[in-house]
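There's a structure below that I have some questions on.
Each chain gets a letter, A, B, C and D, in the order it is written, and its residues are counted from 1.
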Amino acid sequence: MDTREMIARRVALELRDRSLVNLGIGLPTLVARFVPPGLRVAFQSENGIIGFGARPPEGMEDPNLTDAGGGFITADPGAASFDSAMSFALIRGGHLDMTVLGGLQVDEAGRLANWLVPGKLVPGMGGAMDLVTGARRVVVAMQHAARGESKIVRRLTLPPTSARRIDLVVTDLAVIEPRPEGLLLRERAPGVTVEAVLAATEATLIVPGEVPEMPLARPDRPLA
Amino acid sequence: MRKGITAAEAAALIPDGASLMIGGFVGVGSPERIIDALVARGARGLTVIANDTARPGIGIGKLVEAGCVARAIVSHIGTNPVTQQKMLAGEMAVELVPQGTLAERIRAGGAGLGGVLTPTGLGTLAAEGKPVIEVDGRPFLLERPLRAGFALLHAQEADHEFNLTYRLTATNFNPVMAMAADCVIAEAVEIVPVGVIPPDAVRTPGILVHHLLERAH
Amino acid sequence: MDTREMIARRVALELRDRSLVNLGIGLPTLVARFVPPGLRVAFQSENGIIGFGARPPEGMEDPNLTDAGGGFITADPGAASFDSAMSFALIRGGHLDMTVLGGLQVDEAGRLANWLVPGKLVPGMGGAMDLVTGARRVVVAMQHAARGESKIVRRLTLPPTSARRIDLVVTDLAVIEPRPEGLLLRERAPGVTVEAVLAATEATLIVPGEVPEMPLARPDRPLA
Amino acid sequence: MRKGITAAEAAALIPDGASLMIGGFVGVGSPERIIDALVARGARGLTVIANDTARPGIGIGKLVEAGCVARAIVSHIGTNPVTQQKMLAGEMAVELVPQGTLAERIRAGGAGLGGVLTPTGLGTLAAEGKPVIEVDGRPFLLERPLRAGFALLHAQEADHEFNLTYRLTATNFNPVMAMAADCVIAEAVEIVPVGVIPPDAVRTPGILVHHLLERAH
C-alpha cells in the first residue's frame, strides 16, 4: 500500500452515514474509493452536483458531466445538479458535513495554507476558501513533509486559506487534531514511532500517554 | 417569436474593451461558438469575469491565447498555464476571487443587492482593502456586487422566446450571469418551439435574454 | 366607460413592446385587458411566474397556478415559473420594466404611500416596497380623491412605501408626472378642465401652456 | 432509500414554542397535512415565518385560528382578518417584512451570509432601527439573516432519497426555506422511485430534507 492510499483509507474512516462530503482534487479524490461498506455518503462537487459516481467507461463520457477538475464523472440514481450560487450556498451555509482537502502547511493554531506559494505561479483559491470556511468538518490529507521540510509548522509562512481552525490532519506519518490548546497527536502510522513523528514535525505536538496506530479499516469490517 | 443572430453578428455587438461574463467551469458549459467568433474578429482589451480561464484551446482559454483578454476576474487560473505566463509577463491582469464569493457577487449584481456579507476570506489575502461588517457580533467581509456589459451563456435548450435550460454541471455560473449584464447573449445546444419547455424547467426566463445564436449550420 | 376602465385604458398606453410588467392587485389588474394590439407584454406575478394569462374556465383551475392575490390564472406558451428569491431578484435587480400599483397618496416629491393607514388595520407591505424601489418605471393608478379628500398631497401624511420618486400617476381626473421640480400636469381626463383638476388637488401642480385631453387608445389603433 | 413518517409523527417532532418556516403564498404551496396535524395536537406558542397567514381555513390560516401561533414574521396579513383581529387583541405579535427582503433574509440564513444589503425599505418604517451601509456611495439597509428550528415544505414530487420538485406558483418560498432550518420536513403530492426525477429537475437535494411524510392513505 503506498502512502497516498494509506492516507485515503484513514480519511475514509471519518466518513459518516448520510453525510454530504466534498473531496478536493488530487489525493482527497482517492477517499471515494474507500467508503466503508454500508455507509451511504453523498459526494458534492462544487461545480454543481450531489451524488456523482466514478469515471464512466470510455465512449460513455458526457461533456456536461464533470467534476471540479474537469474530469468525467457519472450520476448516481438520485443525483441532483444545480448552479454555482446554490453550490456555494450549500458549502457556506453549513450544509456540507465534511470536506477533505490537500495542504501545503498546517500550523499550531490549526490554520491551513493550501492555495498560494508567493513568488511562484499563482493558481488561485478556487473554492478552497469557501470550503474551509463553510464545511462543518475540515480534514486535511497530505504528506507530512515536502522536500525534507515539515508541513506541520509552528506558524504558517504561506498565506492562510481561512482563519478557521481545521478539524483533522491525516498524513503518511500521523493523525493530528488541532485543538484550542494546540496540535494533539492522535495516531501514528503503522510502524512509525512517536519519536519519528516528533522528529519529522516542526510544530510542537501534544503527546498523550498512549498514541495508537492508525486504523485503516473499521474493526467490524476488515480491510479488503 | 424572436429571431436569432449568427455568431459573427454576436461578436460584432461586443466592442473592444468590453466587460464580459462568460459561463463555464474549466470549459464545461462555455459558449464556444461566440468565443470562436470573438477570436475570429480579433477582439482586444476584454475584461472577462468567469470561474476560470479553462485550458489552452478550450472555452475562455481560446480568448486568452488569442490575446483578446486584458483582465480576468476569476477564482483560479490553475488549469491554464498560458494565463499564468501572460500574467507573469504583464500582458494580462488577473484578479482572484473565492469561487463562492464570485458566484454571490454576480448574483448580487443581478438581484439589486448592495453587496455580499461573507465569512469567506476573513483573515486571508482576499480580505485586503475590504470593509469588515459585524452582524450580531460576527464579522463578515463586505464584497461588492459584480456586473458586466455582456453575459455570454451556454444553454442546453432555448425556445424562440429565448427561455433557457441548462444541463448538469454545464449549468455552473450561467444562470447567475444571465441576471447581471446589460446585454445577454446565449447559445444553446438545441432550439425548440415555444411551449416545449415546461414553465418549471425554465431556468432563465427569455425576457432576460437579448440575443440567441441561431442554429449552427 | 367607468372611471376604473378609463384609468386602466390610459395606463395601458404606457406599456412597451417586449417589456416585463407587474400589475398590483385591484385596479392595476384591469390594465392587462387593454394591452394595445400587436404589443407583446410579459406579465410577472411576484409569487413566481412570467407569462401568465387570464382566469381559466370553470373546472380548469389549477391549485398550483395563481396570481399574487390567490386568484386562478393560466400559463401562456413560453411561461416561466420560479421561486420567491428569483422573483424579487427580478424586481429589485432592475429587470422589471414597469409596475402598476394602487395608491393612497402621492406627494409633491413624487413619493407614494400605499401600504399602511396608521390606526387602522395593518395589511402589510407585501411586495409593494420592493416593486416601488426596484421597477424601472412605477405607474400609480388610483382615484384622484377619496371621500372628498385629494390623494395628490403636498406632503405625505401616510407612511411612504419607498423614498423613490415614482414616474407617473393616472387618475380619473388627470395624468401627472412627478419631476425633480414638482408635479407636472400632463393630461386631463375627457371633459375635465384644468381648473377642475386644480380644484380637486391639494398639491401644487405645474401647469404647462397646453394640457391635452387624456388619450384612451393609440391614435393608430382606435378604441375598440 | 429512506422511510417516511406520518403527519402526526411530524407534528410530534415540533415542540410548543418552536420557530417554523412554512412554505406557501396565500395558501398555495403550503404543507396542509403537517399543518392539520399541528392543529390536531394543539401546538402552542409557535413563531411562524412565512410570506403571509393565508386565509381563514386555509394553510397557515388554520394554525392562526386554532391559536397555535404566538408570533408571525410575514410580508402581509391582508388576506386574513383573523390574524388582524388577534394582532389587535394582543393575542399574536406580527412583524412585517417586505416580501423580497423576507425571501433574501431566509436565503442568507441558509447560505451562510451575514445579512442582506437592500435598497428596499430605505426611508420607510421598514428601516427603523436598522443600520444603513454605504457601498460605492449608495445607501443600503442591512437586514439580518433568518433561520428557524423547522421548515415545513410543500413539494410536488419527492423520491425516496427525499429529493424534491415544486410546481408553478406553489414553489414560492419553499426552496429557500429548505436551506434555512435545523430540521426540514416535507410533504409531497407524489412520491416516486429514486432515479425518476432527473438531476436537473431536483430543486431541493434530498440531503437537505430530514423527514418526508409518507403517502396519504
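Keep in mind that, in the parts below, a contact is a pair of C-beta atoms (placed from the backbone, for glycine too) under 8 Å apart; a residue touches a chain by one contact, two chains touch by 3 or more.
All values derive from a computational prediction rather than experimental measurement.
Ranking A-B and B-C by contacting C-beta pairs places A-B first.
For this pair, subunit A with subunit C, the centres built from the Cα atoms lie 56 Å apart. Put simply, the C-alpha centre of subunit B and that of subunit D have 32 angstrom between them. Between subunit A and subunit B, the centres computed from C-alpha atoms are 29 Å apart.
Computed centre separation for the pair subunit B/subunit C is 35 angstrom, with centres defined by C-alpha atoms. Taken residue by residue, subunit B touches two or more other chains at 104, 107, 111-113, 118-119, 166-168, 171, 199-200, whereas all remaining positions touch fewer. Residue numbers of subunit A whose C-beta contacts span two or more other chains: 49, 75, 81-82, 88, 91-92, 134. Contact between chains, using the touch rule, shows up for A-B, A-D, B-C, B-D, C-D. Looking at the complex, you find that subunit C touches subunit D at residues 45-49, 62-70, 75, 81-85, 87-88, 91-92, 116, 121-130, 133-134, 159-163. If you check the complex, the residues on subunit D that touch subunit B are 104, 108, 111-119, 133, 135-136, 138, 140, 142, 144-145, 165-168, 171, 199-201. Interface of subunit B with subunit A (complex): residues 25-29, 51-52, 55, 74-79, 84, 87-88, 94, 96, 98-104, 106-107, 118-126, 156, 166-176, 203.
In the complex of the two chains, the subunit A residues touching subunit D come out as 18, 20, 42, 49-51, 75, 77-82, 88-95, 134.
Subunit B makes touch with subunit C in their complex at residues 107, 109-113, 159, 161, 163, 179, 194-195, 199-200, 202, 205-208.
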